[in-house]
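In the part that follows, the structures are each spelled out as C-alpha cells.
Shared between the two complexes below is subunit A, which has subunit B as its partner in the first and subunit C in the second.
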Partner chain A sequence: MSTETITATCPECDATVSFDRAPLNGEIARCTDCSAELEVVSTDPLTLELAPEVEEDWGE
Partner chain B sequence: MNPVRVSIVGGSGYTGGELMRLLLSHPNAQIAQVTSRQLRGLPVFRSHPNLRGHLDVSFCTPDEVEPCDVLFLCMPHGKASGEIDRWRDVAPLIIDLSADFRLRDPDRYQHWYGEAHPNPDALATAQYGLAEVNRANLSGASLISGVGCNATAMTLALKPLADAGLIRRAICDVKVGSSEAGAEPSAGSHHPVRARTARTYSASGHRHLAEVEQNLAQPDGSALDVDATITAIDMVRGVLCTAHIDTTEPLETKNLWKLFRGAYNDEPFVRIVADRQGPHKFPDPRILVGSNHADVGFAVDERSGRVITFCAIDNLVKGAAGSAVQSMNIALGLPETSGLTFPGLHPA
Partner chain C sequence: MRIAMTYTRLRVEERMLIDAFEDLGADVTPIDLRSVVFNPASLGDWARYDAVFDRSLSLTNTLTSVRILESLGMRCINPLHAIETCADKLATTLALIRTGVPTPEVRVAVESEPGIEAIEQLGYPCVLKPTVGSWGRLVSRINDRDAAESILEHREVLGSVNHSVVYAQEHINKPDRDIRVFVVGGNAIAAIERRSEHWLTNTARGAVAAGMEITPELADLSQRAVAAVGADIAAVDLLECPRRGLLVNEINHSMEFRNSTTTTGVEIHRIVAQHTLDIAQAHASQAAGDGGIHPVERACDAPVSGERAGSAGAPSGEGALA
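On to the complex of A and B.
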C-alpha cells in the first residue's frame, strides 16, 4: 500500500499543504502555516482555493 | 551559577514595577535594591500592589544603592544622561529605560529633542535595546538603552518591508493605552478626559519616529520616509500600530508571508498573526497584556496595491521592561527568554 503524502500549495501563503489520503472535490482543508481554510476545487491537478468567509460586519 | 544581583533606580513607576514583576520569575535574577526618594522606607507593594507577598523589599534612596551586577534606570527623561558616570561605578551593566541613550547620533538627538545631548561620550557607548534590530551588539554591552514603546511597534510593523527596500512611504496609525503616560497624573490622564476617548494627541512628527528612522535606515543609507499619528484610546496597556505603506513594487499576500517569515521566524517573541477566519485575524494588544510578545500581521488592498502591516505589543513589557530584561539576558549570555515566558491573558 502506498503511503505517499499528497501535497498542494496554499494559495494564501505559498506553504505546502499535505493530505494523508486523496482529497475529494469540495473538501475543506486548513493550511497549518497561515491557518487559512482552503477548498479543494480540483483533484486532477490538485488545486486549492480560499474558502468563502463571512465578514464580521455583514448585516450591520 | 550565582544569582545576578539587580537593582532598580526610580522603581515607583510603572516600568519599575514591571521590571520587578518580570525579574521575580527570572531563574537567574535576584532583586537587591529599588529606589524611590518619595517612598523611602515603604515596601514596594505600596506602589505596586500586585507584588504584595512576592517581594520583601522596601524602597531606599539612590544614595543608598550598593554595587550590583545589573542596574536598571527608570528615571524621567534627561536624568540618566546627567548621572550615568556615577552609576557606571555601581554596576558593570546599566540598562536605562528613558529616551536619553536611544539615539546614537547627537545631532539627531538635538534635532528631535531640541537641545544638545548632555553626555555625547556616553551616548557613543550605548547600545539600543531592541533585540530584533540590534541583537548582535547587545552581547557583552555595558550600557543599553531601553526602547520607545511606539517606536517598537512601528519598527516591528515596518521592518520586513524596510529591510527589503520595499517602502516608498509609510504612515503609521498608532493607538495607545493610558499607561504610556506613566504613573504621574497629568491633564491628559484626568479621568473625564482619558476615559472612553479616541483622542489624537500627535498628528505627525512624534519623537519616536527618530528611533524608527534609526532602526530602519534604507539599504542605500537614506532615511525611511515615515510619519505617524498617535491616538489615545480607552485602553490601559497596549500599542497597536497600523502602518499604511506605499510600496516600491506591487506585492501579494504570499510575498508578505515570505518577508515576515524571513524576518521573524527565528525571533522568540514575534508572532505572525494574519488569519482569514475568526475574531483575531490581526494583532490585538489586549491579548498581550503582561506578555513580551509582539504580534505582527499584514494585508494587501487589492484595489490600490496599498500594503497594511500591524504590530501589537504591551507598551510596558515589549515596549519597555520586557525588552530591557531580554537585552539583559543577551548581554549576560543567559537564555534570551528567561523570565519572559508569560503568554498573556485571554480574556483580558
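On to the complex of A and C.
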C-alpha cells in the first residue's frame, strides 16, 4: 500500500486536509485547522464540502 | 466471502468495519447508496455478493435498499424486520412486551387531546419521544400539564405527520447514567455506561462513555431484547429503575461504537465483521444447496420464484464493481 499522503483543500478555511489513504465518496473528515466537519464529494479530483447538517432520519 | 457494505456517509465506524473485513480475508465493497439505481425485479450485479451489510446513516435509505434486496433473496444484515422494529419505538415496545422483556411503561395516542390523557396516565414527569428518531432528538421531559399542552401543540403545528403520534414513556428516575450492551450473534460482547448530569444520556448529546462489566442479568436482558426484535447485531440501551430494576429502553440496529472499542477493550468491529461473514457463509451454503438464492420467507408473503435474478439493476456506488 502506498504511504503517500493525499491532500485536499478545506472549503471553510483553505487549509490542507490530509488523508493517509485513498478516501471514498461520502467519507467524513475534520479539518485540523478550523475543525469544520467535511465530506468527500468527489474522489477525482478530490473535493471536500462542508458536511451536511444532521437530517431527521439519521441515526443509529 | 463477498460483502457489499452499503453506506451514505463513511464515518470512523465504517472505516473500522472495512478494515476488519479485509483483515479477516473478506472481499468487501463499500457502496454509496446515494448513487445506486435499484431494479426491484432483479438483483442484477448485487447477486455477486454473499450478503449486504447495511451501514447507512439514513433510515430511509436503509429501509429502501434492504426492502428491495431482501425481497430478491439477498441476506441483509440486519434483516428488514429487525430494522423496522428497532427503528420504530412503538414497534420495539410491542416486541419487548410480547416477549416479556421488562421495558418502561408507555401510553400511545394519535391525537393531542387523548395525548394529554396518555401523559397523565403515566404522571409527571414523563418523556415524550418521536416514534422514529435517534440521538435523543426531540425527546422531551414533560414536567407538568402546561408543558404537555405546549409540546403537543408545537408538534401538531410544526412537526411532520409522524409527530402526530403521541408516544409517552414513564420517566425513569435513573442514576446519572444509562447502559448500552452490544449484542452480536445472540451474545452480549461488550457494555458501556454513558454518564451525564443531563437527563438525556446519549453520547450524541455529550454523555461520557466508560466500559463496564457485563453482569449475567445485563447479558440475559440484552440478549432477550435483541432476540425479540430479530436482529443479528444490535446495541441495547437499558435504564436502571429504582423500583423495577433494569429496563430495556431502546434497541439500535446500526450501532455506533468508535468510542466503545477503546473503553471496553473489545474489538467490536472485528466481532461484527466476523459474525457478518458467518451469516454470509451460512446463507451462501444454503443457497448453493438449494440451487439458488431464495427470497426471505415471511408469513404474509405470497410465494415468489427463488430463481436468481438477471443482470439489470447494477449497483454503481463508490468502489462498487471495480
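In this section, the second predicted complex is superposed on the first by the 52 of 60 C-alpha atoms of A that agree within 3 Å, B and C clash if a C-alpha of one lies under 4 Å from a C-alpha of the other, contacts with A are read in each partner's own complex, and residues count from 1 in each chain.
As a working rule, contacts are C-beta pairs under 8 Å (C-beta built on N, C-alpha and C of every residue); 3 or more make two chains touch, one makes a residue touch a chain.
Remember, it's a predicted structure, so these values are computed and weren't measured experimentally.
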Subunit B versus subunit C as contact partner of A:34, first or second or both or neither: first
Which superposed partner A:53 touches (first subunit B, second subunit C, both, neither): first
Comparing the two partners subunit B and subunit C, which touches a greater set of residues in subunit A: C
First, second, both or neither for A:20, with subunit B first and subunit C second: neither
Touching partner for A:44 - first (subunit B), second (subunit C), both, neither: neither
Subunit B versus subunit C as contact partner of A:4, first or second or both or neither: neither
Contacts of A:12 with subunit B and subunit C, given as first, second, both or neither: first
Doubly contacted residues of subunit A, that is, touched by subunit B and again by subunit C: 56
Touching residues (chain side subunit A, partner subunit B) in the complex: 11-15, 33-37, 50, 53, 56
Of all residues in subunit C, those that touch subunit A in their complex: 7-12, 15, 30, 32, 34-35, 57-60, 132-135, 137, 160, 235, 252-256, 317-319
Residue numbers on subunit B that touch subunit A, as the complex places them: 253-254, 257-258, 274-277, 279
Touching residues (chain side subunit A, partner subunit C) in the complex: 23-28, 39-40, 43, 51, 54-60
